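Naming follows writing order (A, B, C and D), and every chain is counted from residue 1.
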Amino acid sequence: MFEGVPLTWFLITGTIMFFVGIYGFLVRKNLITILMSTELILNSVNINFVAFNKILYPDHLEGMFFSIFIIAVAAAEASVAIAIIINIYRRLVNINVEKMDEMKY
Amino acid sequence: MSILTLFIIIPVLTVIGILLCKTHMQVKWVAVVGMSLQLISAIALILLYLAERRAGNMAEILFMQDNVWYQTLNIHFLIGVDGVSVAMIGLTSLVVFAGIFASWDIVDLPREFFTSLILLATGVFGFFICLDLFTMFLFYELAVIPMYLLIGIWGSGPRHYSAMKLTLMLMGGSALILLGIIGIYFNSAPNGGPLTFDLIKISKEHLPINVQLFLFPFLFVGFGVLGAMFPFHTWSPDGHASAPTAVSMLHAGVLMKLGGYGCYRVAVFLLPEAAHQLGWIFLILATIGVIYGALGAVWQKDLKYINAYSSVSHCALVLFAILMFNQTAMNGAIMQMISHGIMTALFFALIGMIYGRTHTRFINEMGGLMKVMPFLAVAYVIAGLASLGLPGFSGFVAEMTIFVGAFQNADVFHRVATIIAASSIVVTAVYVLRVVGVLLLGKIKNEHFETITDAKWFDKISVVTLIFGITLIGVAPLWLSDMITQGLGPIMHKLLAAAPGIIN
Amino acid sequence: MIDFSYTVWILLIPLLMFLVVGLFGNRFKPLVSGIAGTSGLFVMWILSLVTAYKYFFVLEKAADGTFQKFLAFNMRWLNLTDTLHIDMGVLLDPISIMMLIVITTVSFMVHVYSIGYMKDEKGFMRFFAMLSLFSFSMLGLVVATNIFQMYIFWELVGVSSYLLIGFYYTKDSAVSASKKAFIVTRFADLGFLIGILMLSFSTGTFDFLTLTGANSPAFSSGTGIMFLGLSTMTWSMIFIFMGGAGKSAMFPLHIWLPDAMEGPTPVSALIHAATMVVAGVYLVARLFPIYVFAAPVALDVVMYVGAFSSIFAAVIACTQFDIKRVLAYSTMSQIGMMMFALGVSGYSGHEGLGYMASMFHLFTHAFFKSLLFLGAGAIIHAVHSNVMNEMGGLRKYLPITHATFLIACLAIAGVPPLAGFFSKDEILAAGHEKSLMLYWVEMIVSGLTAFYMFRLYFSVFWGKETHYHHTPHEASKTMTIPLMILAVGALLAGLIPFSMFVSSDRMPFQSHLEIGIAIPAVLVGLSGILIAMIFYRKETDLPDRIYNALGGFSKAAFHKFYIDEVYLFITKKIIFNYVSRPIAWFDRHIVDGAMNGVAYVTNEASDRIKRFQSGQLQQYALVFVSGVVLLTLLFTYFWTN
Amino acid sequence: MTPNQLMFAIFSAVIIIFSILTVTSRRILRAATFLLFVLVATGGMYFLLRFNFLAAIQLTLYAGGIVVLIIFSILLTSHIGEKLEKPGLKKIIPAFVAAGVGAVVTISTILQHNFPVEVISGSERTDIRLIAKSLISVEKFGYALPFEVISILLLAAMVGAIILAKKRKD
């Protein structure tokens, strides 16, 4: 309970956000929207980390540091991903994930 | 160092020499020199062996050499020969020698071709001289693998299909063999002591009967696949039809003998009780194979198919004889292997040479070749007569030994099997004469054939070598038969111990 | 004891000739190979005569007054079992020496004749090489010391016969005739082989000396009932006889012999008249003690088969128009008589008359039949045809051939005092003692023999005047001299007191001319000649009327009683179409199909599995997420305790 | 309802509604905007929990950096106003089921679990200096190594991104 807000609330928010992200990842065709879904997933995890940290272990900062690192990794990931997407776009003139199956089998 | 190591070293050196060569001519000559040396050492080995025996050396195995090469599993490089393996080595070197000359006019990638060919030969030689099951298996695989390349690259017709089929079926067989060998290994010391792959040591032990009954089908079928046992023979027609000449020669002449030799040396020798109990099943299959292959050949129109089916028939006769479990028949089996090896190599060499000139293998499209290529035609007639078991050629000696041996089993089952198998000699005559009649005699059907030339010098070397082989055995078989008989002692001893009812 | 080991050279010379002529013959002029072969044969002929002289007149007889039977040469060839081994050697006894003389004489004559006859042929060298091979094999057969050696040379004889019949290898009919000859005899040889296997299994030996000796194991072992109420020994003897019947063209294995006439005529004279075809008779004679004492039923089989073949062939011979085919059926008929004589024979003394008669007939037959063939060859050489309708009145053009041919015809018809008369008389006498019915059958056969031989003679040398493209002329000296020599043989061979030399127990005995049998036989023969003369001396339509009157029977006889068709039906239709073809199909589709099926299933399965790897990122993710969710579900709700 | 609870409810609602809109909107630029709202609301959450530094990073890096990057890339690869095609039911249903079941399982697990209920005032802020010290500290609760690793990762990502996005001469 943090100033009247129970931990579960945070977690439920995070969970919903997480699965919405998953849903987006599975459904959307455009690579950029898939990337956006990934950001949602990462963020939902961040919320959980932070909430656990604050409510269960107020004296520590691990959760926060994890979030910081996740944000950093997310930034790196986003930049590389967008670079790849642009590269793909240049070659195939679209970024539909379903068309990208040349390396199957 | 034993003289036997030469049989591994010479081919390996030859392969290295071939790889260092610059021109095609050099490649061929290096191969010729290497394989001639091999042939000479094989003859030397036979003479040395006979001299040792005459000097009264009655050891079971001569020229033994033992090096451990993988201590953990007790795997040895254990080599040694008895009369049987000496005979097989003689056969192999003869066929390989002839095979080199038969592939003299190969154009594509001769370096790679001869490398694979000699690698294959190395595997075969290794198999025959080794007495360690694991090392034997290793050489066996070494002999089978180059086959894929040789057929797949230098073959004709549906070569990829054939190469794949052949390799997969043989690999299936070797998987069974591997299982059998491992099974034997883990039961190789029933009374405690270190496990071993040593064939001679294992043969002195008595493997538990249920183990034997379990392992025997694996080993016999596994080797039987390579020995073209019915119904696992179907790789043989396709494989032979697609393979280049020298490969067909080596394959039918030598490689298929690994199957028969393996059945004899591993399956029956190490598992005599099981062989005796389960032999009847395989005897039925072998009998079917003998007559079935012969009848199958009657209908074929492609020369190579005819010969492949004839090989099925003749190789089935080998298994048939082994399963008769007496000394005469076994002796016949080994002689049949040698005889069929040389004979079928001769056949395939001739078919290759004829095909190289007429560019067809269908007998209906040919005719009257006797006129334009008398040498090859006469050689073909000789091969055909040898194949149908004419006295004076090796086939007769082998077949008669087998039939006399088989007839010593007095029960009705064996009698009927023997008579059925013996009737194959008539069917053989039918298809051999049919081919000779259609192919060589009569009038020339195709105008192009008028301009065909007869054999070149290298063709002649190859053919004459092989004809010499079959005639030598056919005219003077006593030395060979006695040599083999001496080698059969241990196995007969084991079989007699396993089932006292067997007639020696 | 005289040393006979030089007899091995009688075998080695032709082998050497074969190798030399066969391998190096084309380095020389063709004639060289012919002369080499002939001179080799001459040496062998002299050696055989010397051997016969020494054996019959110089060598002392055994203690009981019989001719000795011994191995002049022997060496181990192959060890089979502990007791069974194959030897190669030379066995001398009266019949082998008699065969030596027959073979070398006829072969020598044929060689000389062939130098003239084959002069213009392309394969002259090949022909002589094969003749040498044949002489080698045939001599090896007759001097065989054991039954397996006999089998080996038996096969070699078969193959040289195959090669010689197919000499004109560009002629399709010759190729198929040679093939037929080989396969039919090969089939018979399968029986021979099985017989050998059975015999050797029960007796433990291949050796003739042991097998036919006084205490032969064949008499004591293998007596148990085996199959159909006959003993093992009987069956083995029947099987062995099957081999003999194949070589000797006995019914129903005779079909190859008429076709074998596709070969050059000297070959027919040598192989298909005098030597190879009597190998079956020789085989039975060789194993005669076993037939008599251990397998009388088998001997009865020999008798009936022989009698039936003789009448069967004689009837067919009356209807054929190809002169060589007439002679071929005549040969078959005469060999049937020899077989019959063996079949009716007992063992010792006068009971063994049949045996002696059979050998005697073999001996005389060799002369007059080879003479007939060589004469036919001279005729064919002159008119370039072998159909008798196209001939006639040849006596003016070919005087020597005509004279010698007439002698041979008289001899075979059994006119005294020519060779055939004596031997045939003995056969009929022997038959009379055994079975009256078969005696009359043989009587009819000898009548028919006289008839068809003179039918041939009259239609060729008399009959209608025919116009030829170029006037026929007598053949060269190399061809006529052998004819004359053989004619002398056919004239005089019957005067030899044969029973003094050859008998079943090797004990000489005195045989008499059975007047009571000789007179009707001669009368039958003469009436046969007379009828032939009426029919064929002048061109009449009598034969056609008779032929038509007999209707179906004569038609059937002309078509050789359709035996060929039956064989063709069995081999072509049944074996080829209904056995071999289905097997080929079965192999391709069922056996191989099963193997390919395994491969197909594996391939298909892997293809299915491969499709999971669709390359669709979201599909992978879905599977991943579902998996995680499922596992979570499992771990949180089901696998908690 | 305390102010805190109210704030939480607002943030939470924004997050949930806009994240759903993000993944369903068929106009890609709008989806990016909705994502921005979600990220800002998340930053609000951090403020609510008194992680001011983290919230600041969230706003600058995420809302400021990544979203801008995404929008740029959208502008580069799509036409404005272009509507994305609707995903087929074949895709939606399995995805919805998987996500839905996952959510239900997770939420029900969360609800079943008894978290400690003690109330934390937590009004004090985290000292930035402490954060900085921890990041370069090598002692217990120090993050020098991950910090180094993440710096190298960022460098690598930067280089990689440049190389990937660079135009090839071909």
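As a convention for this text, a residue touches a chain if its C-beta (ideal position, glycine included) is under 8 Å from a C-beta of that chain, and two chains touch if they have at least 3 such contacts.
Every value quoted in this text rests on a predicted model; they were computed, and no experiment measured them.
Looking at which of A-D and C-D shares more C-beta pairs in contact, the answer is the pair A-D. With centres defined as mean CA coordinates, chain B is found 67 Å away from chain A. Note: centroid distance chain A to chain D, computed from Cα atoms, is 6 Å. For the pair chain C and chain D, the distance between mean C-alpha positions equals 104 Å. As a whole-number value, the distance joining the C-alpha centres of chain B and chain D reads 73 Å.
Within chain A, contacts with two or more other chains are made by residues 22, 26-27. Residue numbers of chain B whose C-beta contacts span two or more other chains: none are found. Along chain C, residues 618, 622, 625 each make contact with two or more other chains.
If you check each pair of chains against the touch rule, the ones that pass are A-C, A-D, B-C, C-D.
Taken together, the chain A residues at the contact with chain C in this complex read 22, 25-27, 97-98, 100-105. Only residues 76-82, 84, 86, 148, 151-153, 155-156, 159, 162, 166, 169-170, 172, 175-176, 178-179, 182-183, 186-187, 189-190, 193-194, 197-198, 200-201, 575-576, 579-581, 583-584, 587, 591-592, 594-596, 599 of chain C touch chain B when the two sit together in their complex.
Per the touch definition, chain D reaches chain C in the complex via residues 91, 94-95, 98-99, 101-102, 105-106, 109. Note for the complex: chain B touches chain C at residues 165, 168-169, 230-235, 237-238, 292, 295-296, 298-300, 326-328, 368, 370-371, 385, 388-392, 396-397, 400-401, 403-405, 407-408, 410, 418-419, 422-423, 425-426, 429-430, 433-434, 437, 440-443, 477-478, 481-482, 485, 504.
Against chain A, the residues of chain D that register as touching in their complex are 2, 4-5, 8, 11-12, 15-16, 19-20, 22-23, 28, 31-32, 35, 38-39, 42, 45-46, 48-51, 53-54, 57-58, 61-62, 65-66, 69-70, 72-74, 76-78, 84-85, 87, 91-92, 94-96, 98-100, 102-103, 106-107, 110-111, 115-123, 126, 130-131, 134-135, 141, 143, 146, 150, 153-154, 156-158, 160-165, 167.
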